[in-house]
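One structure follows; several queries about it will come next.
For reference, chains read A, B, C, D and E in written order, and residue numbers begin at 1 within each chain.
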């Protein structure tokens, strides 16, 4: 029992997003909407009240034509491990009602909509704007309700929601593992994938257990091109990014003019 | 103790306090508090999705001509998600946002739920529900009456670009009925097909073996913006190896350009000149495939015809496209032109591709020929990593047609779009010419009845105002659309088709694919509403018209027709959903060309004819004459495509629209991209309001400053500005077709417009 | 809030934090009870007569 | 109101000044009346009012069915291959045996006539239905922990009639979830279904696994 | 029940008519606010212009401000009952009323501010002890209970209620135990004022707000308590001054005011020195370690470095220096200017710690976030003001709020 427990704690699901492969097609967003019963309104152009569990940002190098470059950056919930990897992610420690929690088994930051009473403190705490508030009652017009998946419960107005790394898929994979009596074996990489990783047509998003050597992310995250967003805040995200472009990397965090990305590690 | 008025209040207060104290010791407040919270967790207006056993059904996405394989995930009997099919040869699991949100087209509020007959004025939106029998009888009656008047050619039908056997079925119907007017809106693929016909003498579409090419030179093709089969293109990009070079040439830093190894900005519309300029260097420096050019091509060098008349060859044409000249035309530095040519020619399997954006607009024929010539110079024709020709699928023999005099006479009438006539003998459809032709007809309309299938010309045709004016003159319009789109809402009758997931549809050749892949979309669910397959509707109408028309349709429905048509493939398709035909051309076949010279023709003799000079036949570059005078309209408006938006007859789904950035669409306004330097001159600011005027129309827009666009240009996204559909899709920005008109390519009649002159005012 | 609540764990933060809460609540409660009970007793002993204060 | 006022007016005249003021005993008595009244209402009347009583569409006899099937509960309530639990069988499962009535039982005849013949799913009322936000893995409990159906659902297999379904008027959930006892004190009777509130889950989890479990273990 | 006077003996009050007119006017504003409040409860928070970037906005600022300004109650209580500044007993009633209004308003605002008011009790029942907001909620409601208890004896001193023997004894006995309540109040206040500072200070994802910690508390924890204790009394003075202006009566003796002002002045000076030290450490150590320069936080036209100057110098050092000098306190104009500046300063500090925290972009590709409240937000923020005016008016009219009133305004 004890060993199993320790093994489970060793799991840390994470993502590696190769920005040099992202074409900004938005399939990850749509895949996520469909998978997670994300609501939609007739007008979604106000991006500050538009619910997206993963949002693709468009970065540019700021140079004039024709030296301009752009880079797309998909941003899901970073599933922060928090300072010193204790699970005190910026949001979890501030939630007054334990509606959001750090799951020691998977490292995933949960959000329980029925517990949330909508104080929005977690949104104030999250530097990534990963958390979205249900300002409106969700409405599914015509027969669109019929497309709702039973695996994810639809949210009601007045609560916060965010990317769950498609945790329901983990639940279903575990369910199957129990049924097939392999609950004590680690889940395979294919057993549990997020909807965005699955939908990404260019293979930009790789998902898996960062601690499991058999999973691709384990190796990918050690690339010299790897970095994390706003890493210097000490949030310890479990979403890594890859890019060979220094200007992109520089925009992924804040640097003083004399600082260079990638050369700060010894400082902290 | 007496109760009186004075102490009554005190006693009541005491009892109330006692009651309050007691109540606190009962479950009442606590249970109610808990239950009230649970009530908020299960508000009756928050849906609870019903659970059911999970299953997956395979099919094909037919929302665009890409034909990607999909799995539809079911919960019980409800489709709840669409995912990519890993085993499908086209997309191998990858899907675009449109395909992923396919269920929103199935369940959405935009569906037409039963046949409708117009009440009130056209486009007013007043409808009467009618039965299928009534609807079919009304259309059949109209067709029968036109036949009786011996004017069957006045019936025209517009089909979608999805291909498959349905257009063939409708074509057969029109033929026996007596009308040659089967049309669809031409795309870059049609321009490519014509180029293939002109150079190789084959009927078929160009297929690009991008998978195996090691140098991809794209003249503005939005390879990652929805060009070809989007699932395939995205997958290829992701799987690209480091040895593969991908160069994008266009005046705006599109998403494709951003993902390419190199983006080269070019003056818009001068891609043809660049292709010739590259050819110039390649030829001058003898970098081309001499064996292929000398052995298998015609018209490279100057030549004398049978009458002994001297003709200029392609090589001579290139004389005029030296780097200096081309640099001046294209705005690209000479050195870059030279190095690009050398890099292209120095690669082992280079491929050149054209067709701007998603490829929805055909573009000029000369430009397409010039780009194809680059491939021919390298001998990359019908070989790995090169340009293939996907032949039209030869279907099994259908019963012979018996035709009466009316039908035969009707079929001999010139087409209402002029395609295939003296002027444009090599073009098959020229729908872009129809509005002008109708509008310039003195009395009445050459089209008396218009049937629209899987198409939405009132949105997609350039120059919306002219299109609308032309449609006003067509007395009888029937739409077979599943959705209340612009054309359907303007029709007299709507005979709604099933939506893609509810119907059979074969996809014989996915756009741009280098080999034949026949896929079959199968109905994964029973139709939700009172809709009917358009194939069934046409077969029904044929039977109702009777006689030899009925005899031409011995099938009892579309499924039977499809089975008969696909013959040997049917069984495999029903079972596997896909048949992949990878016919590597035999060495001998590779260089079999059906042209007059039996060679690849740099000089397309099919274009030659009386009165044609060599310069008309060879793919010379001529600048397109844009509408509008340069002084008043001092900017140029170009359309741009995004894979997050549907550009064609289908509107973007709510989820696609949701992914669109607020630098593209804000509330109900389109943002146009403009270079900050240009904006500064015009005193325009980020997010500011502006009036955009072109010779065709005007629109209120917002400004988005974008460094990635050439100064002097305005880019506007295609796919916005729908006026029909529900509030989730409609009234979002401006339809660029309201601002842009077609420009007739003198060589082909196809629409070669890539932009229009414009002016922009701050308001 | 209570040890039988779902989130309760017997750890330092809970004991310190909730200890503080219950400490404050009990002082408030005890003070109020004292005032009310003493008032009832005072009222009985003073036979309903008002009292001068401050 | 009017007569009361009259009574007051009449009595004021005759009473001495001390009686005009409320007496301490009177205040105490009324306080106790209010106190006792609210206790009775809260403990007895309130639970009666909170729940509406509903009958199952068909009076189902588990005992009889268990005798005739070969595989116990699994015969009708089984797992899918992906590890998900089917729960209440749908009509297609029932039709295997009940295409036409097997016995003269009026409930069976009603079942065949009203549901089987027209092909309508039976709108069973689920005593154990959890809110939509709950993910419950039968596989983890049955396969993983080796628990029997009875350990949570009680001796439902031996029941000959369906119980009255008590539905919370506010939340719409079965009273079984909360537990029959309005105070949630004491233990459920042997053979009765267990209450299934989150605390109940957590209690058992803590006892059996040493942890209450993370939120996402049971929520979706 | 009639016949007994409602108005305390020995004081003059305006006519019923005049009072009714004033109350009607204020009530109209109140009703407007209540209407907006119900709209928000019924339709949800989409009635506001808050958004995903501005999750905390006008209301939270109002909340933090009224609590800071209500700090006069706990600090006066502390000085009166615990330190033994007996002179301040002359303003303690008023301070308690102001506190009561501020805290009840704060609680009311919180019930509209949350997306699911019916689940509001989760913050108590399912409390996360690590969350500063939990601490706020607990201390806030407990301290509100204390304030209510402190307010009750004053209410019971209304001549009509004082006639009831039980209530009379209750008043007496509650006065007796008041130091205990006051002490509890001080304890609770210390923590919730602090935890409100902690709300911003613990946000390590928001470098503008984040501060280094002392044990488990960020520096803002102490700064908030300090500033509330410093500026709260100024708000009490301001309230007294306004009441005096409106009633056209002298209600509190000048020496009492000056004593309070002096204590407040020293508190402000010490606070603002600490605040300056904190700002310097944050600007030169904390922020750069996260890649920010001070000016990154003040690069917007709205949020420019001027704000910092106003907060620290104009609304910090200036009032502090005025109030610690005798001349400053004795000059009525300087005194009231200092009081107003101090009140503005603490409100500005709360504004910055709520709204600027939200506005600062963290990514170089993000812009400053902007926000303008909707009328519903404005109405519900004004609601407490109207409510406060009503409570003060009623209290002043019917309760012996100012013990020195009779002496200062003898009736012939």
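As a working rule, contacts are C-beta pairs under 8 Å (C-beta built on N, C-alpha and C of every residue); 3 or more make two chains touch, one makes a residue touch a chain.
Remember, it's a predicted structure, so these values are computed and weren't measured experimentally.
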Tell me the fewest steps from chain A to chain C, where a step is a jump to a chain it touches.
2
Kindly list the shared contact partners of chain A and chain D, in label order.
B
Identity of the chain that, by mean CA position, is farthest from chain B
C
Of all chains, the one whose CA centroid lies most distant from that of chain A is C
Which chain has its Cα centroid closest to the overall Cα centroid?
A
Between B-E and A-B, flag the pair that has more C-beta pairs in contact.
A-B
If you average the Cα atoms of chain C and of chain D to get two centres, how far apart are those centres in Å?
38
Whole-angstrom distance, CA centroid of chain C to CA centroid of chain E, is 26
Whole-Å distance, C-alpha centre of chain B to that of chain D, is 57
Taking each chain's centre as its mean C-alpha position, how far apart are chain B and chain C in Å?
75
Indicate the residues of chain C shared as contacts by at least two other chains.
6-7, 43
Among the residues of chain E, which ones contact at least 2 other chains?
116, 119, 122, 126-128, 130, 134
In chain D, what residues contact two or more other chains?
82, 84, 131-133
Kindly provide every pair of chains that touch.
A-B, A-D, A-E, B-D, B-E, C-D, C-E
Can you list the chain D residues touching chain C in their complex?
24, 198-199, 202, 212
Interfacial residue positions of chain E with respect to chain A in the complex
44-46, 50-56, 113-117, 119-120, 122-123, 126-128, 130-134, 137, 199, 202-207, 288-293, 296, 357-358, 362-365, 369
Touching chain E in the complex, chain B uses residues 6, 33, 36-37, 39-40
Contact footprint of chain A on chain B as seen in their complex:
40-41, 43, 45-52, 75, 78-84, 91, 93-97, 100-101, 103-104, 106-109, 111, 224, 230-231, 234-235, 237-239, 253, 255-256, 258-259, 263-265, 528, 643-644, 654-663, 665-668, 675-677, 707-711, 726-728
Mind pulling up the chain E residues that touch chain C in the complex?
124-130, 134-135, 138-139, 142, 145-146, 149, 162-163, 165-166, 168-177, 180-181, 184, 187-188, 191
